[in-house]
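Shared between the two complexes below is subunit A, which has subunit B as its partner in the first and subunit C in the second.
Entry: the complex of A and B
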């Protein structure tokens, strides 16, 4: 059980907040969820989320993990982090309004302020996106 | 794994990852300069070594790895025993 509300963990706020809950954290791994609602800013006319929206959701999921680690270390303000690079992004299908995204983030090596992550986004058991990204902390 | 095997494999991996010619890679060349590494791409180097050799390079150790020779030495010294 994660004892924090999502807005205690990430700096983003509605309408651009793209994570509803941090569901689980274990060593070097976090799982986040988002219910795609009709007001989502990344929805296109056909009701599907843009690939940029999926990437933003992944980046905010990573941010939730860093925010959790900061809280556990006794810091209150969620850390600011920027996407340094997105690599090998594959969007197998775009999510639609009403669907629940569940994203697993795995952390790789960190050099200085830059951390390499891998992410997998699922809807139920279907993998809909995969990527690697670099997050730079400030 | 011999030293020569390490050198050959590392050179090939790095040339492919950072889109360089293997001829750009000489033992005494500076890693960051030869591979055009910046703070973002340095993490790729660390990840590549970790994935290939199961060796984690802490940041403190990274400062002492300046040349390709330093990197070969580091890998040779930290290879997990089979």
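Entry: the complex of A and C
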């Protein structure tokens, strides 16, 4: 059980908060969830979420992991993290309103302020998106 | 939702066949800045990626979906109080399902985004 509310872990707020819960953390790995709300800003007219929205959800999932690590280290304010690069992103299908996204982040090496990570987004057991990201911490 | 007239407004467009230069300005009062970040507005990188897609849609004349991003570099942090005109240069090349898209977003001082991806006409 993660003892923090999501807004204690990430600096993003409505209307662009794109993670509902940090579900699980282990060494270098985190799992986050988002229920795609019908008011989500990244929804298209057909009720599906854009790939850009999926990428923002992945980046905020990483941000939740960094926020958790900061809390564990005794820091209150969640760090600001920016996407530096998106590489090899694949969108296999776009999520729809009402679907629950579950995203696993695995962190790789950190060089200076930049952390490399990989991410996999699932709906139930179906992988819907994959990517590598470079996240810059400020 | 589309970001046109919400996150940005056009100041000019020079489309030709499969490539174009688009000029725009960010809208400082876009609601996205209430949450990104409270008291510290920063243009979300993914919104700039969507601006590039909307420019590509102008060239293609249809709705496009991101299928694959080979590489998208968000080089410089962009703040909405930067009211200089932004230029988005886009070049498309056709594929069986849509277009390969190479694009760059910049102003007179800085490059903000370099984008290389595959946009599909097909919903999925």
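Miscellaneous remarks
Everything below uses one rule, namely that the second predicted complex is superposed on the first by the 138 of 138 C-alpha atoms of A that agree within 3 Å, B and C clash if a C-alpha of one lies under 4 Å from a C-alpha of the other, contacts with A are read in each partner's own complex, and residues count from 1 in each chain.
FYI, a contact is a pair of C-beta atoms (placed from the backbone, for glycine too) under 8 Å apart; a residue touches a chain by one contact, two chains touch by 3 or more.
Everything numeric here is computed off the predicted structure, so don't read it as measured data.
Look at subunit A after the overlay: subunit B and subunit C fit there side by side. More subunit A residues lie in contact with C than with the other chain of the pair subunit B and subunit C. When the two structures are aligned on the shared chain, A:96 is found in touch with neither subunit B nor subunit C. In the superposition on chain A, A:15 contacts subunit C only, with no contact to subunit B.
In the superposed model, A:29 makes contact with neither subunit B nor subunit C. Legend: residue contacts after superposition of the two complexes on their common chain; A:111 is shown touching subunit B, with no touch to subunit C.
With chain A as the common frame, subunit A serves as the apex of an angle whose CA-centre rays point to subunit B and subunit C; its value is 80 degrees, to a multiple of 10.
Of the two partner chains, neither subunit B nor subunit C is touched by A:75.
By the touch criterion stated above, A:84 is placed in contact with subunit B and with subunit C alike. Minimum C-alpha separation, subunit B to subunit C, in the superposed model: 9 Å. According to the touch criterion, the shared surface of subunit A, contacted by subunit B in one complex and subunit C in the other, consists of residues 84-85.
Within the complex formed with subunit B, the subunit A residues making contact are 84-85, 108-116, 134, 136. On the side of subunit C, the complex with subunit A involves touching residues 1, 31-32, 34-38, 40, 42, 44-47, 49-50, 53, 65-74, 77, 117, 123-124.
If you check the complex, the residues on subunit A that touch subunit C are 11-17, 41-44, 46, 48, 50-53, 55-56, 59, 80, 82-94, 131. Against subunit A, the residues of subunit B that register as touching in their complex are 39-40, 42-44, 46-47, 50, 56-57, 59, 62.
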